[in-house]
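Here the chain labels run A, B and C in written order, and each chain numbers its own residues starting at 1.
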Amino acid sequence: MKQSIWVRLWRWTIISFVAAYLLVPLYAMFDFSTKSFGLGDKGRNFRAWKMITEQTDLWPAITRSVITAAIVMALIIFLIVPTAIWVHLKLPALRRPFELLCLLPLAIPAIVIVVGIAPLYRWISINISESPITLAGVYSMLILPYTYRSLSAALDAVDIHTLSEAATTLGASISRVIFGIIMPTIKTGIINGSFIAIALVLGEYTISNILNFKTFQVVIAQIGRNSGTVAVAVSLASLLFVILLLLIIPTKKRQGTVLDVDIA
Amino acid sequence: MKFSKLTSGSVAAALVVALAIPVISASTASATSKTNYSKVTTASQGGGMSALAAACQKEGQLNVIALPHYWANYGDMITGFAKQYGVKIDEADPEGSSQQEIDAAVTNKGTNRSPDVFDIGLAVAVKYLGTGTFAPYKVKSWSYLQGAAAVSSTGEVTPNYTGTMTIGYSGALGTITKLNDLLDPKFKGKIALNGDPLGSSAAMNGIFMINKALGGTFDDVTKGVAFFKKLKDAGNFILVNPTQSTIESGQTPVVIDNGYLQANVVKQFAAAGQVWKLFTPASVGSTYNMAISAWAPHPACARLWMEYTLGETGANVFASGGATPTLWVHLVKTGRASADGIASIGKSKVVAEAATAAQTAAARVYLKTAWPEAVGTN
Amino acid sequence: MTQLQYKGTGSANGGTGSRYWKDKTGYLGVLPFLLFSGVFLLYPTWNVVSGAFKDNYGKFSTATLSEVFNSSIARHAFANSLEISVKTAIFGAILGSLFAWAMSMGKPGGVFYKISVALSSVLAQFGGVMLTFAFLATFGFNGFVSTLAVKYLPNSFLAESAWLYGKTGLTVLYTFFQIPLMVLVFLPTLENLKPQWREASDALGGKAYEYWLRIGIPVLTPSFVGGALLLFVNSFSAYATAATLISLSDFLTPLEIATALTSETGGSNPAEAKVLSLFMVIVVVIAMALYALMRKRVSKWEQER
């Protein structure tokens, strides 16, 4: 479908406005982080940025947080998405309660969630492990509102009842239906939901700070504690790092696994 | 089958006991390695300073919380302690409040991440006295610390350092000589207070300071609040919470905060070739106290830290950071005050007036309605 | 377009066993999730909600509950929170959905698309001290846009920075992370709009606005409202950004909660924090109920057509 000039104009106006809204403040941060704070030398310098590479506790923290993100991803793909599909497919009466449950983690501010979850993590630290990776449990609940909303949008679109009926009459098992047939069709929903989840795991600060786990963001905050320019530089660096991480994740699907059922 | 399992089990058990006996008797030989440091109340009880240091090195780590590096020179304190005793220091939540320190200890009780020592304001310290949160410990210099006996006779909580509130501002804005200078239009959108008086004691003390400069008392803060209202109406006062970044970038060029924080900014700015000046309209102070957590995962290191910070080394570190340690009067008298410290805070014996917990509580009740009225936004 | 009515809850491939149990085995499917969320979500929520009915010593008491309920200060904070949440939800939803549309019109899987998705994921979580700093650095009294505006557009609102330091500024700051969030949750919906529908509409002589009015908007509305609901709840419980920009304890409900938990000047009252959280949860439940009601009526309306 060829786009008319008006559509193209409208499209680029929106893109420019939103891009400016989002990118200009980030540029202001970058601008400050490269300012020389007096010291006689003029012009830009990357001293603050260079300091980041000299931090030794950064890499273990990154590794830990990335592993936590991977565990949360696994929980999404093997627990949350199948459950969401199951509810949409088989238990329509449970849909609204399930949606409410998924919205609950967002209703309570993080500082209060910590109060509620502290006894559990105390037990986990003493009896299972003191590693920050145990945070994957509570994080997978924190991402529910975002991930579920993303999934829900995709699930509403596709007629999964017909798909599953067709598949089961052709002899597919229930797990094949969920993993092999329905999940590929709601791919965008799953990917977007996963991206927010990864960004959340790598960006979460409040809970890990109060429970004194050295996650990525906690270490970032500590790096910046002595100098304003370094704090800003390291914050921008963490944004860039997560963006790069997300860009590396392959989102191209394998050919030939999508069933596109049209009922129009 | 079962019989042989039983036999092998008992043989194994016997072996373990047999091997353990020499180990156990070896440890009873020297009192120090059997000492339960969480019960020790003075250094001599634990076998003296060297035994304490050895036990700490065995523990290998100290958990501290809410100690920003720029606060009263804690940066040097932490690195100094780590270097001297070769232990790792785990720092949690640098921006936490005193209440959050205690909460963190309760939240993480029983784990290895729980804080070992606290650095808390008087209100929070008094609140938890006698509740089993703190482990009493009297440092060697205890009898020389100003006000130590008054706060807690058993050493549950020990006053550590005091500071006065001050107004710090960028030298680019000229020089402030009197309070009303702040109403000048050149300060538009530039004056910030560290936090909100309903939550932050620094903000509360800032209001007390301005109040006192205008003739008010700790029991009546109306004059102080009225002045802030004037500042807000002129557009000079902003509700932004100042941070290192906002000060460096010039977003909050005038900050009302503790003197020992400002001292660090002065140094930073000087190193960058700029000037940060201080103006103290009236002398209002607050004392920070040190305490050991009753369930500290590293009790020996916690006690060693107390000895370090409340002793001579620590006192001089605090002094060069702009905070007045409670040991200062004694150090000046015995001529052991460092030159750096004297240059920073002088030889003053006068500790700034501070509000009592009751006065703070009463002021808070008043401020709960008066403060948003004065400086609130739409 | 026909609506496939889904009858009953039985499995599609038939089988033996009484119908009663067949209906109930479906519930087993949610058991793993229920167990997991029971531990990591329901248990902490229960701690908080039950704590709202206790005083600070653990004994049952509704004193804090009635105290907060009757407090005009708490109500004012609540009103502020609601106002900002509704505004940012609407602005964020509109701008976000428009941007998502703009993205969907381009090459799917192309460079612009991928970078936008990655950037949105990250910026949706960006907030707190750094976000405030970024906006102060841009629009504050010393900000680089402000200084440019003072030079070139001295009469515009950009030159006069006072707006940033109040409610308006907070709304602008919150919208910053609402837009990417909406983009992410709305993008999957846009795939519903099959190009064949647009072609069919054009072929039948319909104009662009007619397509949107009769086909596009009705299809997208449920997801749009669902996204707006998410944005509303997201903004409602956001805390760190407001704490840095407007450090007034009783300005917003999350700020009140934080003060109740961390105050050094005598305001520490964990029971109050739990009561306020309970009220926040109730608001979310009400919003959710309204949304469910709206969905029901919309689907009824769709069927009637």
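General remarks:
The criterion applied here is as follows: a contact is a pair of C-beta atoms (placed from the backbone, for glycine too) under 8 Å apart; a residue touches a chain by one contact, two chains touch by 3 or more.
Bear in mind that the values here come from a model prediction, so they are computed numbers and not experimental data.
Of all chains, the one whose mean C-alpha position sits at the greatest distance from that of chain A is B.
Chain pair with the larger contact count among A-B and A-C is A-C, by C-beta pairs in contact. Averaged C-alpha coordinates put the centre of chain B at 39 Å from the centre of chain C. One simple way to say how far apart two chains are is to compare their mean CA positions; for chain A and chain B this gives 37 Å.
Computed from the mean C-alpha positions, the centre of chain A lies at a distance of 15 Å from the centre of chain C.
The multi-chain contact residues of chain B, meaning those touching 2 or more other chains, are 100, 103, 243, 245-246, 249.
Residue positions of chain A touching 2 or more other chains, listed in rising order: 32, 115, 231-232.
Multi-chain contact residues, meaning those touching two or more other chains, occur in chain C at positions 133, 137, 143, 258, 261-262. Chain contact summary for the complex, chain A toward chain C: residues 1, 3, 7, 11-12, 14-15, 17-18, 21-22, 24-26, 28-29, 31-32, 75, 79-80, 82-83, 86-87, 90-92, 94, 96, 98-101, 103-113, 115-117, 119-120, 137-138, 140-141, 144-146, 149-154, 156-157, 159, 161-162, 164-165, 168-169, 174, 186, 188-189, 191-192, 195-196, 198-200, 203-206, 231-232, 235, 239, 242-243, 246-247, 251-252, 262-264. Residues 96-100, 103, 121, 123-124, 127, 188-190, 193, 195-201, 203-204, 235, 238-241, 243, 245-246, 249-251, 357, 360-361, 363-364, 368-369, 371-372, 375-378 of chain B are the ones touching chain C in the complex.
Those residues of chain C lying in contact with chain B across their complex are 73, 129, 132-133, 136-137, 140-143, 161-162, 165-167, 243-251, 258-259, 261-268. Those residues of chain A whose C-beta lies close enough to touch chain B in the complex are 32, 35, 37-40, 114-115, 118, 122, 125-126, 130, 209-213, 221-222, 224-229, 231-232. Those residues of chain C that touch chain A in the complex are listed here as 1-2, 4, 6, 9, 11-13, 26-27, 29-30, 32-33, 36-37, 39-41, 43-48, 51, 95, 98-99, 101-102, 105, 109, 114-115, 117-126, 128, 130-131, 133-135, 137-138, 143-145, 175-176, 179-181, 184-189, 191-192, 194-199, 222-223, 226-227, 229-230, 233-234, 236-240, 254, 257-258, 261-262, 270, 273-274, 277, 280-281, 283-285, 288, 292.
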